[in-house]
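Encoded as structure tokens, here's the structure I'll be asking about.
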Amino acid sequence: MSIGASRQSLGEWLQSEQPASRRQARLGQAWRTWRLFTGNRLGMIGLAIVLLLVLVAIFADVIAPYDPLLGGDLRTMRLLPPSMDHLMGTDDLARDIFSRVVHGARLTLMVVALVAIIATPIGLLVGTVSGYFGGWVDTVLMRVTDIFLAFPRLILALAFVAALGPGIENAIIAIAITSWPPYARLARAETLTIRNAEHIDAIRLQGASSGRIIWGHVVPLCLSSVIIRVTLDMAGIILTAAGLGFLGLGAQPPQPEWGAMIAGGRRFIIDYWWVATMPGIAIFTVSLGFNLLGDGLRDVLDPKAGK
Amino acid sequence: MATALAEGRSRALPAFLGKTVRLLATIAVTILGLLVVTFLIGRVVPVDPVLAVVGDRASQSTYDKAFVELGLDRPLYVQFGLYVEKAVTGDFGQSMLTKKPIIDDIARAFPATLELATVAILIGTLFGIPVGVWAAVRQGKLVDQVVRIVGLMGYSAPIFWLGLLGLLVFYAKWGIVAGPGRIDISYEYAFTPTTGLFLLDTAMQGQWGAFRNVVSHIALPASLLGYFSMAYIARMTRSFMLNELAQEYVVTARVKGVAEWRIIWVHALRNAAVPLVTVVTLSYASLLEGSVLTETVFAWPGLGQYLTNSLQNADMNAVLGGTLLIGIIFVGLNLLSDFLYTVLDPRVRRRA
Amino acid sequence: MSPLLSVENLRIAFPSRQGPVEVVRGVSFSLGRERLGIVGESGSGKSQTGRAILGLTPVSGTATADRLEFDGVDLRSASTRQWRKLRGARMSMVMQDPKFSLNPVMTIGRQLMEAVKLHGGKSEAHDKSIAMLEAVQIRDPERVMAAYPHELSGGMGQRAMIAMMLVTEPDLLIADEPTSALDVTVQIEVLRILDRLVTERGMGLIFISHDLRLVSTFCDRVLVMYAGRVVEELDARRMSEATHPYTRGLLNCLPTITGDSRPLPVLARDDAWLE
């Protein structure tokens, strides 16, 4: 059998109207969603940017031509404009900005990943427990959620960082603490719709504990919509982290964090524009990538909201 | 039928009162929660509040006296009670930095933030709504795509970076706007800041030179913030309008022979305005927050800058007071949007 | 005398993933100042036919016809301006559910007066509206004028809707399932009002419904539609002479008081009818 024929049969298998197994149905669904998504040009651009970010972060050591922390000769290599040697110029400590931006991708990716890893479970837990039990548990948990929502995000993160002390770890914790409430709201709403579904009743009648039902049956059903929401929030997380860095409350020098780099270049903006501009372009590109990706995902998965 | 209507109206008043009471209770609980959070943050910061008052050269006895005076020897819940009591009377303590009561500092900084956020939300609304309507009417066409992309770019750009670039281009290179700050020093004493809103003060006192200077200073930061809220408002307007234009009453209006512009701007927009009010008030609230970064970049002497300065100097009283104030503004604006919602939507107004 | 409305070979198509799908496939009829019923199940294309006559086919769809003429005006090439002069003033439509077809944030009075003002008569808009509300047997017109749609019952809302559509005294009224969303008890009342006004004013009526019995008691002539086509045209007084098996099926699906109709009759369908 030729390769072409086997590929076609795979396509047919995926698009089959009568899937033989649950796995085939699921893969087929994923395949159709993917086909729909590939038709969304802006979404694909977003995906490409995000993949690029991941690749740059992984291969930062290979891509960066210079050391991101150690500068060159302070007498001759400070504040050089962009050239073939230094694609984005050098900063006031004679460091290559391109190398720093490349290494900054690691920090950015780390922030996004850690915030997602911390905030998603908190939101899921609070939301599903609140929605599943209802009553006073729900009232108390939702009140707490509302209080966190009432605080503007950046301000609350600022206050937390002030309390915990500046630094990238604390910035991540602060952003995570301020990001979970919307996820909790969403997970609660989802839980309310499935709480009384018949298959949950069936499990309950079999004598499963509440914890088991929530963890084994409610959380998996809420997971996908919460994950989409987190993806949509990624750009916001990046911007908040950069904002904290810019205010000197996030990553500390000499770490190559993009927001902090802009703050560092601020003093020279008029004469040496590239120092502050280049890391800004990086932030802008990456958060645009996440926004385009999230927008495309929403169009595909929730056609009503996008139209 | 007529009696049913009359009943509906007489029932409406107690229902509205009940709703207000419920709302006030919610606000009270939320503000209490804000107080708990700020109080706890204040307790976990690695800053000794006693040293902040007495200075680090005070003797042990002075220190102990102040320790007791501040109530730090008492249980945590008593301390919290004192904190709430003071907060209710507007006493957030003294700023370490300015040595003035926090409430006075905030009263001076807030009008600057308010003025900036207000001009910005006006720009965002006046442009955002028509643009969103336009994009909805031409759904899928070029205009719609452009609006979408420009909006997404607005979501993606770090505001402090755009601010710096704006200053670089419009102020340093082209010189068409004034630089950082609210006003040039030469104009600062040309008028009395009665309201603290300089646009209003200068205009009311007929100081047109100063007025022009203020406009020139506020133009760039307000346009920037306005662009960000415009991106959001336009996007939401578009989606609300698409929803409304698909409703049956739009067909009814067409059947009646109503002109298309009137269908869009009167029939549909009037309905879309109901959820839009929430969007506009919420983005107004987030402007008061987003201003932290903008104010830093533009050296705007508002609440955001006050907060960051205090933060960097570990002036916790000031930080917590400011944070609490912004939290309260947030709650207040939510209340306002609920109220406007009832005004705009007859279905809510005359029902429970 | 030439007919008020003539439709020849009307086709309406909507795009879908598998290419365009025709929901109306070559419908032809003509109408004088009479009452014509169009009957069919949901999806048979009866509502889209009604909307196409008013030029209100949704943007995504396309309507074509060999002839679509209203009182000498070719509707296929009518300009926006001509349409605005026709709609409301000379032809109008009552839709299914007043809950959705009335603008929820405008008072009945504003919506009613808007219709009058649009077609001349700014000064007497108020009086005309009141008179019209009285004509649809609303006893307290002033109060209804000040009410919002959600404050009215379904029957009241539909009367207000009828008033709004007839206040300009059009020549043609399309009623698209005007009573389907109403309680059974008010259905008859609303129908009676509609019937009286149409007869008094001598206008043409297209009555769209899924209920063949109702239509036959109410109209002079009935078109039976199935899957986008007219399968049978009948004189309303001679329903028993229907020959098409689909029409017969529709007639037989009503329960009878006398006799046991078990097993319940099921509508028969035949792919041959699609051709």
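Think of it as A, B and C in the order they're written, each chain with its own count starting at 1.
Here, a contact is a pair of C-beta atoms (placed from the backbone, for glycine too) under 8 Å apart; a residue touches a chain by one contact, two chains touch by 3 or more.
For clarity, every value in this text was computed on a predicted model and none was experimentally measured.
Comparing chain pairs B-C and A-B by the number of C-beta pairs in contact, the larger count belongs to A-B. Most remote from chain B, judged by the distance between CA-atom centroids, is C. Annotation: 50 Å between the Cα-based centres of chain B and chain C. Chain geometry summary: the mean Cα position of chain A and that of chain B are 26 Å apart.
Not a single residue position of chain C touches two or more of the other chains. Residues 51, 54, 56, 80, 83-89, 92-93, 95, 97, 100-106, 114-115, 118-119, 139-140, 143, 147-148, 150-153, 156, 161, 164-165 of chain C are the ones that touch chain B when the two sit in their complex. Across the complex, chain A is touched by residues 26, 29-30, 33-34, 36-38, 41-42, 44-46, 139, 149, 152-153, 155-162, 164-165, 167-168, 172, 239, 242, 285-286, 288-290, 292-293, 296-297, 307-308, 311-312, 314, 316, 319-320, 322-323, 326-327, 330-331, 334 of chain B. Of all residues in chain A, those touching chain B in their complex are 42, 143-144, 146-148, 150-156, 158-165, 235, 239, 242-243, 246-249, 259, 262, 266, 269-270, 273, 276-277, 280, 283-284, 287-288, 290-292, 295, 305, 307. Chain B contributes residues 1-2, 4-5, 8, 247-249, 251-260, 267, 270-271, 274, 344-347, 350-351 to its touches with chain C in the complex.
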